[in-house]
Amino acid sequence: MGMTKILVINPNTNPKNTAVIAKAIEPYKPDGVEVDTVSPDKGPVGLESYYHNYLASVNVHNRIVQAEKEGYDGIVIACYGDPGIEGAKELVDIPVVGITEASYALARMLSTKFLVVVSAATAVPRQIRYIKSLGIPDFQYDVRPIGLTVLGVMSDRMSAKDLIANNCEIALKETGSELIVMGCSGFSGLRADLEKQLNIPIIDPVVAGVQVCNTLIQMGLAQSKVSTYKTPPVFDIK
Amino acid sequence: MGMTKILVINPNTNPKNTAVIAKAIEPYKPDGVEVDTVSPDKGPVGLESYYHNYLASVNVHNRIVQAEKEGYDGIVIACYGDPGIEGAKELVDIPVVGITEASYALARMLSTKFLVVVSAATAVPRQIRYIKSLGIPDFQYDVRPIGLTVLGVMSDRMSAKDLIANNCEIALKETGSELIVMGCSGFSGLRADLEKQLNIPIIDPVVAGVQVCNTLIQMGLAQSKVSTYKTPPVFDIK
Amino acid sequence: MGMTKILVINPNTNPKNTAVIAKAIEPYKPDGVEVDTVSPDKGPVGLESYYHNYLASVNVHNRIVQAEKEGYDGIVIACYGDPGIEGAKELVDIPVVGITEASYALARMLSTKFLVVVSAATAVPRQIRYIKSLGIPDFQYDVRPIGLTVLGVMSDRMSAKDLIANNCEIALKETGSELIVMGCSGFSGLRADLEKQLNIPIIDPVVAGVQVCNTLIQMGLAQSKVSTYKTPPVFDIK
Amino acid sequence: MGMTKILVINPNTNPKNTAVIAKAIEPYKPDGVEVDTVSPDKGPVGLESYYHNYLASVNVHNRIVQAEKEGYDGIVIACYGDPGIEGAKELVDIPVVGITEASYALARMLSTKFLVVVSAATAVPRQIRYIKSLGIPDFQYDVRPIGLTVLGVMSDRMSAKDLIANNCEIALKETGSELIVMGCSGFSGLRADLEKQLNIPIIDPVVAGVQVCNTLIQMGLAQSKVSTYKTPPVFDIK
Amino acid sequence: MGMTKILVINPNTNPKNTAVIAKAIEPYKPDGVEVDTVSPDKGPVGLESYYHNYLASVNVHNRIVQAEKEGYDGIVIACYGDPGIEGAKELVDIPVVGITEASYALARMLSTKFLVVVSAATAVPRQIRYIKSLGIPDFQYDVRPIGLTVLGVMSDRMSAKDLIANNCEIALKETGSELIVMGCSGFSGLRADLEKQLNIPIIDPVVAGVQVCNTLIQMGLAQSKVSTYKTPPVFDIK
Amino acid sequence: MGMTKILVINPNTNPKNTAVIAKAIEPYKPDGVEVDTVSPDKGPVGLESYYHNYLASVNVHNRIVQAEKEGYDGIVIACYGDPGIEGAKELVDIPVVGITEASYALARMLSTKFLVVVSAATAVPRQIRYIKSLGIPDFQYDVRPIGLTVLGVMSDRMSAKDLIANNCEIALKETGSELIVMGCSGFSGLRADLEKQLNIPIIDPVVAGVQVCNTLIQMGLAQSKVSTYKTPPVFDIK
């Protein structure tokens, strides 16, 4: 077979964010795998609510169906919280991986408790709800915000880095966490610096997403089509 | 103040389904409350997947924003599984209630274990995931399908009624459930007959949705705008 | 049918507390519903222990049986923690609602995490145990005391109000809660002032109890008599 | 110090049941410990509902306070489901042990999953609710009824024994349970025969209650009076 | 039958630690029971990691098989965290009790929330993982370290006592715990002093282990050999 | 850097089992990675109990320390249930992955509920306990045995395959599982045939272990050394 091809979709339409993601993946691209990073043509420039997630998901879903036709072997949804993930898994037979679920899958093997650091405080309950829907018990995680919106993070990544470092230093002591998951695709690429500063393993979710997606492809696995992710019946759409 | 007005939104665009919902609510309309039942202009004619839920939610969200402007006092999302519910709660200040969450809120006060009867087998994991995301523990519920798709239910409601009765009779014995929640808006209106036949309390979710929504309105309550359901920031949308 | 009649029972025999409850319900009385608020003839003047709960419950149970005979359509047990609730549900066919379970049912639809503010510190473990028995997961609530006994609350409600406001302000920040449930029937009626001060939705449990009870009546629902709340067999009582 | 004295209280007023309990304890009485088995003067002759539990608890509570004054060193409440247990623990400084909580404490050390066999089917949800309130996770237990009321059990213990054996044989295969807890004080004394027949460890709760109570006495331990079980304040009682 | 004989095994090979354990048990030795306290011939002198636990367990297992042959009636594994406990329960028919599981069994009957005080901070996640594997829910416990290694504790027990007292005083206030479990066999014997100082019930795990083991022996119970703890098949060992 | 090298350790000393594992990995070996499969020199020829797990773990631990010195980049422990895994993670700085934890990490992303098929019935509680210690909730898995011991599986793999197929066909219907995890390293290599026969995704744990280990290596991640998996202090070992 030809080269393995993975499509990374940044659900927001902010090209700066897409570039940050692509750059963070670069040094961790699996050998012999082509990774393309795109965003949908349409949709909100930032995702900071459930409402935005729904808006973006519809466009992500269309892009995913197209990607399978284009011959991609796997899809990564690269926004923290994995917007639209269940619908995406229904629509194609190739594996679809959310960067958040991939990060947690790895984090739980590497620590008893991991710390998710997110952007704004309002992101905290959204992330907690997603974590609970994945069935992760309370003792295995904590979530802390740095107090910036995603757009704020994108416009000044160096301030974001300092805020992450400061907040994590306090949170690690208070919570006994042993590993950090960077809970915002806007943080991507800051891992090396932060790891040096905090002396603790850090997961960059976009890297986790690509690596886990490739693992599934190499194993010949994808989401089960038996029930939850069965291909949707075709309905008239007004 | 004037008369309380509640808008019930059937997220699919099947007028037959909308009519079934409106008719089921009729005998249980709260005194002094106007209840209008509509569906969005656009979207899929049936919802039998996460993908459909996302597609429908975007239109439901638009309709909800419009409803608040039109002076409605509360919104009910009338599709089992409450598609788009978190986004909907963000977008308005009036209370938004999903028929599923409302049903479970009442069911748990009336029984130790309730039985959710759904249409197709593929709906089971979707409903279980939603139940778990609400934080309802395993010992309080069971879910059973009758083996029909929603469109199948709509096209032959009498067969659906018999299938519900037969499946529930078996399931009640096997699971020790004490109450039934009819887990499909297409089942609405069958409660009276089924309750007689099965001799057990039955919750018709669309009725539960309207009644609980009215309760919140009467109490001057709505979803908290502090964090989870804070009004989304305005972003450019491509 | 005639007018719907709900009986609210204050399980303690403190007439001042009964009056507070009645007054708090007044502005939120459902249209077309008669609400009577009483306390049993016998029993302790305050309930600040499991022991008191048992003592009070026996008298509450007798009063409930009488109420059904008198033609009431529903019962509300108006003491935080819902003393005697399971026994009460067994004894009658009309719906019996505890103010605590009703409050939580609504609170969970309006927030990811709610804060229960109680009177004395010793009430905290009792409330946590009740919450856990209802199957509410840890991430959905927090409980904080204001450091007054119930009698203390009753004798100086203005000090109680200030203590609630101060304690909640701190607790809301520390816990990320998005809504407050006033966990003591002695707090009833303070909602309006506190909501203004704290700028967050507040549930007054006695109001929640009456409204949810009325909802069940309007829907023709009551606790299932299939198993948990089956009418007790008649035994000789020495 | 003098001889250790434990009072076992059968909360129902059925002397036959009290005698069964006393007889079952006899062969397992700890060395150097006096065990007296009594029932309250007043209260229902059988306990098959929450209502009965409340009725009985009030009398049990009075008897317990008296017992501490009489010099008993510990109390055992000998009815499955531990009626009135939290109130009882509040009222005295000597250890109070419920036979159910004691059985589960031991059962969990001896097996991954234990089976509770109860009398009537309506007892199942009551026991499940109690188990959940103790914080025992789903994978550690199962509950099965034999289909007799407690009075039925008392009037024909040999039939009860056969029903237990037959039901357990089936349940052990279906559930993978590794140990049986006899979930009805009326079953007490049947352990030896059943253990031979079923070839599996069986806990007789009244024996577990006495032994665990004695353990606490020997260790100089009792329920903590810091918060949950603090001595109730004295209130006027109408 | 002759005198009951219990063997307490200290899994580490530190004779000072073994002596501390034996001395702590002395005042709480059950009447008519012989209690011998030993450590294996081989193995690490301290256990402060999973690795040490595995190393020690192999020797503990050999000693346990020998103990059954020597006529002991029960075994207590006296190291906090119960290293090797499941394997130990498989190897013999006499009851094997871990001091940790025994302590928690009692602690949960005496309080809503108990506090485990451990030696070094790195012991915290190990203890949390063990607690979770026992199925104890989050609301029932908290764990706090005093910041000393086990060897540090053994070399200066008076400093350890002061550190326990100081740390517990703070932790009790912060967590609302009602009882302390001393989570290190090196703390054994400090109970009396600490209980006086902190005015709260304290469980000394080695005493709990011996008492619960004796309870099982007196009741004729041991770990079920049906499945989890079935005697291992004999395999060739290279 | 040179070629990535992963060491797969079969904890039992059965060369036939080691060969089966090596062969199953072969077609799924990541590009550019050298994978060596070995077993320890010493230890039991089969692992069918906790006791065997402890015995084997000590030798596995020694082999792992040696492997790190030999320049391996990651370790896979290839026995279902991941014996010795926490100790192993403490001892080295390179990533150590258990085949079971790796399988579950992937299975949860691909399905709502997965089915673990194990060898003997006595393996069921051991696997359930391990699953619970990983914090996986009840609704996400089921476990079924085929009724053969591991040695039985090794001696007749074709019969094992038929037993797996037959048992899974029944279990998939009864449990609603959507994916199978082959819960025994002796099953390795049967995936292709079974997947064709059962038409459902199947995870071969040894392949999952190698792939996930490689993912961690490529990402520059390993178990956190902050607390749970900190390098053990050096103690005298008698």
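Couple of notes before you dig in:
Letters A, B, C, D, E and F mark the chains as written, and numbering starts fresh at 1 in each.
FYI, contacts are C-beta pairs under 8 Å (C-beta built on N, C-alpha and C of every residue); 3 or more make two chains touch, one makes a residue touch a chain.
As the structure is a prediction and not an experimental result, all values here were calculated from the model.
Listed here as common contacts of chain A and chain D: B, C, E, F. Homomeric contact chain A/chain C is classed as different-residue, with under half of its interface positions used by both copies. The contact pattern of A-E recurs in A-C, the pair among A-C, B-C or A-F where over half of the contact pairs coincide by residue number.
Centroids of chain E and chain F (each the mean of its C-alpha atoms) stand 30 Å apart.
Between the Cα centres of chain B and chain E there is a gap of 52 Å. Between the Cα centres of chain D and chain F there is a gap of 43 Å.
Put simply, the C-alpha centre of chain D and that of chain E have 27 angstrom between them.
Residue positions 112, 121, 124-125, 129, 132, 135, 137-139, 176, 178, 227-228 of chain B are each in touch with at least two other chains.
With chains as nodes and touching pairs as edges, the resulting graph is of another kind, matching none of line, ring, star or complete. The list of touching chain pairs reads A-B, A-C, A-E, A-F, B-C, B-D, B-F, C-D, C-E, D-E, D-F, E-F. Chain C makes touch with chain D in their complex at residues 13, 41-46, 48-55, 57-58, 61, 84, 86-87, 89-91, 121-122, 124-126, 129, 132-133, 135, 149, 227-228, 230, 232-233, 235-238.
On the chain A side of its complex with chain F, the touching residues are 28, 30-32, 95, 97, 101-102, 105-106, 108-112, 134-137, 139-140, 176, 178-179, 200-201, 203, 207-208, 211-212, 214-216, 218-224, 226-229.
Residues 121, 124-125, 128-129, 132, 138 of chain D are the ones touching chain B in the complex. Residues of chain B touching chain D in their complex: 112-113, 137-139, 176, 178.
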